[in-house]
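Here chain A shows up in two complexes: once beside chain B, once beside chain C.
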Partner chain A sequence: MITSLANWILTFDILSGMGSSVAWGLSLFVVAALIFVFVAVNAIVLVYIERKVSAFMQVRLGPMRVGKFGTLQTVADALKLLQKEDIIPKMADKVLFIVGPWVILVASVVTFAAIPFSDTLLAANMNIGLYYIVSISSIVVLGIVMAGWASNNKWSLYGAMRSAAQIISYEIPVGITLIAVVAVVGSLNLQTIIEAQGGTGNLFYWIPIPLPNWFIFHNPFLFIAAFVYLIGATAEINRTPFDIPESESELVAGFMTEFSGLRWALFFLSEYANATLVAFLVAIVFLGGWQSPFADYEGTQIGFSIITLVAIMWTLFVRTKTGRLSVYPLGLSFVITIAVWLFPGFAIWLASPGIFWMLMKVGTIIFLLMWFRWTFPRLRVDQLMYVSWKVILPLSLINLMGVAIWMWLTGEIQF
Partner chain B sequence: MSYFSNISSAITTLVDGMKVTMGYFVRPREHVTLQYPDEVWPIPTRNIGVGEIDSYNTIRSKLVVDFEDCIGCKACERACPVDCINIETFKAGPEEDIGTTKNDTKIKLRVTSFTIDMSECMFCDLCTHPCPEDCIHMTPDYQFISNDNVKLDVTPEERWRDRDHLIYQFSKVSPEEREQRAAEAAKVAAAKAAAMEAKKAAAEKAAAAKASAEQAALDEAAREASVVEVTQSAASMPITPPAPIGSSPQSTPLTDAISGPAPDIISVQDTTPPDDTVEKLNIPMETITSPEVSEEKPVATETTVEPEKSTDTEDSSTGETENG
Partner chain C sequence: MGRLNAEEMVLNMGPQHPSTHGVLRLKLRTDGEIVSHIEPVIGYLHRSFEKHAENLEYQMVTPFTGRCDYLAAMGSEHGYAMAVEKMMGIELPERVEYLRVIFAELQRIASHLVAVGAFGLDVGAITPFIYCFRERELILDLFEMASGARLLYNYIWIGGLAHDVPPGFVEKTYEFLDAFDERVAEYNQILTGNKIFIERAADIGVMTPEVAINYGVTGPSLRASGVNIDIRRTEPYSIYDRFDFDVPLGQGLQGTIGDSWDRYYVRVLEMTESAKIIRQALDQLPVEGDVKSAIPRRIRPPKGEIYFRSENPRGELGYYIVSNGKNVPLRLKMRSPAFSNLSVINEIGQGWMISDVIAILGSLDIVLGEIDR
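What follows is the complex of A and B.
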């Protein structure tokens, strides 16, 4: 993307006077700014959605008063945070206190450089993309420890120490589950990983249900690995039920207790950037990234017809079970099915890979993360370690072996 | 094996929990949120009236004074346990006609300032019952939020409190008129003082003429004063006085039964027959419900000693607020 942007800049007559390296640097800057804007807007939108989702799950309404249905609430909050006084506690370590939030933010924003939004839209097509993302996102823990230590507050320090312990523990199973995928594809390049999931295939290779050839459907061990990764990644980004570093009820707000205003906003920005990153990784590695779930034009029509049938059955089931008639999923799928049958162009667009499918998958995963957050209670510290070292880690190791054996059985790799 | 059963039970319970939250998420909005300024809870209605004012059917909330009916008697100010009512009155001239209340009572005092500090008011409703004109009353309006930042007329001592908008001014008298009234009252007071001075000077001149007679009169007065003091202390002593002469034998068990100022009343009025004593006993019961009786009673006993004390309000021609 950077190179193509640089080439595009050089096509203008006025700008062609500048050297190609200058154009490259300029487009580098533009892409970096775009990524940062994406992260910032993403955080604002996600905070709003999260508040709404949590409210609906708790039979509340959520923000309602700023803008229609409170849509501008997070914008107003962001503006408020920008205006706030910049407070640095007297006894805090000033340098670390200032640097800490930025380290966290940079570590989480920089990872987006390697994320492919679609088959053409990505900042840097790295051959070690997965490795890069996993390693860079671990720097976040450095920033957290800095912030916790600099605050000169026992709660903050506790939060930081817990965070360090937690992230280090969960890096291992997360890494191993990703290695299982890398073993299947034979590449660390995210584009290659996505391309390997194109087309349709049988569920778990042998069960004759035609499904997209995503890794989650490809292999029962990768199916488990997807959930292991999701759990481990949830713990890594300190989201509930693994949010013991910032557990409000015990540690006030953990490592961000002493932060306010803009610095606190940076924490939030990076928190949601991290959540999005995890969602992107799950979508890329297990759900086929920007690949469409439908193989072609006819596949789209048949697929949506099946979805409508399922929706009808589901509606009838709900009607007999609870006596309530929920028409929205049925109506939506019905409308899309009719549109798909009437307009072939729409069906072709749906069947083609693109950023739409990527964002759909990412949105689903983010919703899943929110669903986790507003359902599960927080784990105790020892339970957290138990889950990591005694459940998730053995499971991921077994998975790695299982994946290898499965590959050998299905003949996808030969020795 | 318990390892795998642990994992499976964890998964099933987690899925159970997620089902619950998803059920709430997709359900048609059965939210419990009350969108406050647009929707409000219905105000409960209950009878807080006592005695004749039983039509007084509202919750205890914001106080309102029907200012046209206020005669400035300050009964509410005296009743308030937290002293948050502040009334300033000036006596009207004898030929002036300020008007009458809805009960056809002639208003004799100009109320130039009538403030209630709503931030101190505890909504006890004690001020409404003593009002002889039923003009101070509670309304069901519990919302004290307002957009207008009008600074009300409060004394400078109260300005440090940043809640001026909670000090409610009910008087319709403008600040200019208030100043004018104060100046007039001050003038009247000065004139009175000058007259007093002249009178005093005249009296002194006359007194100098008969100094020996004055000495005798002074002795007489001193003797009288000591007698008055003794009776006064007996009346105002809060604890049971040392065995008053002539107290009826029934009074001892009765004083045990009642706590408070009532025993003094009984023991001082030693001439009252037993039946009357029993009647008097009902007074403390009433004091629980209405405060004016408890306010009035010590005054009633003291009237015999110092009659000018009860007319304090009427004589306030100095132009200053009593309760600053």
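What follows is the complex of A and C.
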């Protein structure tokens, strides 16, 4: 297995003529550029998807004019933002005003260096990958405070102070929930964490329902931990219902109030980069990362048949207005099931680990985050702190203890 | 180490702010997130309605009334028309009365939809707002059918209506009503019962009945405090005494009586009650009748003065008109419900956080056009 993208690039023949240090630097640069391109394209795609998702939730169409189904709308918006006049308020602290957005962007882009997209595709295979991501992503708060303070605007200041308080409070429970998983695996390496989740296992070790061996199904405490992490992480990336730092109906735009044009685009970029990062972490740590949910191709066939059966049952028996299933998921699962039974090759492909499953899981989590955003109202500052310190933090501590006890009971660790 | 020198900060909320429902400026004295004093500064939308009215003939004032409370133009026109009619002693055809009630109640639903949706927006829920506007569009379609306009109608004239409703109007209104009850259930599902929403609205900005009465708060905000005063019921005007409807009161279902949640929920309930009134009015609507038959050739109310009040979506809308027998009012004063409702903000908003002040302001449902006139 190639340990990192940079090493893989070094194997190219073109680089063989250069000196080894030049080649090494060049390959690092290529990797960095690739990550940045991923983040930028990802933001553009996600903004489009978020607009469409929100539109469908709100009985609208969303962007429809630029490109087919408005697909080029966000590209056009990005170009517009690039062209806009660069405004720095007169009384602003110029240096911090300029540096702030970049600090946020860099902090959120750099984390992707440690994210494994598949078993071979990753920029750096660190043995402390999880620790690296958690620590680097918390630098974001520095940029936010810089931006909020530099704007010399009361609303920005409120936004920045709220954000600092929020991110710092939620970092602790989030970190502790992640430690629970680390306790199970015994490693901070993300690849090791994912590899530990391969194959099939029973639900909560004892209940004989065959499920993928993901940590969310590993034991009841990790099941809770997954949700605690998702809630905490939603708060850490300032998304609704925890979007108080930029709550548009209260603080105008929070710490972003005075920013426009490219600098504002940087905030946006990092916001979506952070959302993606959280989705990646949930997928990696709790949902088996690039592991397929099916053990082999027979498993795929049976698995999809069960999914279709459930969908059919749902359609037949759940007929309430809000609970009923749309025709699309039913049709999709039906088509996939037939395909899986007809073409074993397809089933084998589905059963094999890869970037497809990773992106599927990440996409699902991101959709969940969008769903939150367009459904929930916003919490108040003190309620947010209450949730963090009095609900989520104790819960995550109990979880950590519970995981340890559970593992001792099931004999996974011995003293 | 000396003492940390912390002082209060004055924060200008508005006139350019997403949650001030127009161009209101709130001068907040804040200690961190806690607001210790709120001073509303109004007048940014002042258009001299009352002075204008002193130079306009009576029938020419009608369109201006709609421009005051632009979210409830039908209600404003209705109140004004009734005031002048009472001065002149005009008897209206039955059909006119019924159609006016139908329009006033449709307007009440439309206005409450904005209030409910915007309150959701103020506490951060964006989607319910769009849902509310979806239904409001249907009502505006009905208004467009009847008057040709969607926001400012100039439809209810002194002594009658501008036109009769077009064929198909009654059927379309029935259709709307049939769909509407289900939609209200949808709002309740997405917003009313939402845990976060309850946390944000319940027990926030409690307005006791005493405070409400002292400040002259009227309408749903008053009834949310448990005071049973609805002019449609206490002094029935027009033909409201013929209909069977309830006056929803705040019961403190999620917190204290008179909190923001109650003010929100009373509006939700009132929409259902208005739908009930419209349904009854449509059932009883006389088929025959010329809506213009009672419109006087000359509008010259006899010498004297009148104060006429009606129940607008926002509260007691009063018109005080002094006539000297000419075709131009000597003085026209509008008692704006939102003005009195806004005045209570310092009393009930003190000591809450900035986010709460916005929620409280949203729950009072003000329209700046009417406050500034």
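Couple of notes before you dig in:
One rule holds for everything that comes next: the second predicted complex is superposed on the first by the 391 of 415 C-alpha atoms of A that agree within 3 Å, B and C clash if a C-alpha of one lies under 4 Å from a C-alpha of the other, contacts with A are read in each partner's own complex, and residues count from 1 in each chain.
Note that a residue touches a chain if its C-beta (ideal position, glycine included) is under 8 Å from a C-beta of that chain, and two chains touch if they have at least 3 such contacts.
These numbers were taken from a predicted model, which means no experiment stands behind them.
In the superposition on chain A, contact is made by A:Met64 with chain B only, not with chain C.
When the shared chain is aligned, chain C comes close enough to touch A:Asp382, but chain B does not. In the superposition on chain A, A:Val53 makes contact with chain B only, while chain C stays out of contact range. Of the two partner chains placed by superposition, chain B and chain C are both touched by A:Trp374. Which of chain B and chain C touches more residues of chain A is settled by the count: it is C. Residue contacts after overlaying the shared chain place A:Val391 against chain B, while chain C stays out of touching range. The interface of chain A with chain B overlaps its interface with chain C at residues 57-60, 374-376.
On the side of chain C, the complex with chain A involves touching residues 9, 11, 17-19, 33, 120-127, 130-131, 134, 182, 189-191, 194, 196-197, 199-200, 353-356, 358. Listed in rising order, the residues of chain A touching chain B in the complex are 53, 55-61, 64, 324, 326, 371-372, 374-376, 391. The touching residues of chain B, counted against chain A in their complex, run 6-7, 14, 17-18, 20-22, 24-33, 35.
Partner chain C is touched in their complex by these residues of chain A: 54, 57-60, 154, 158, 240-241, 243-244, 247-252, 321-322, 374-383.
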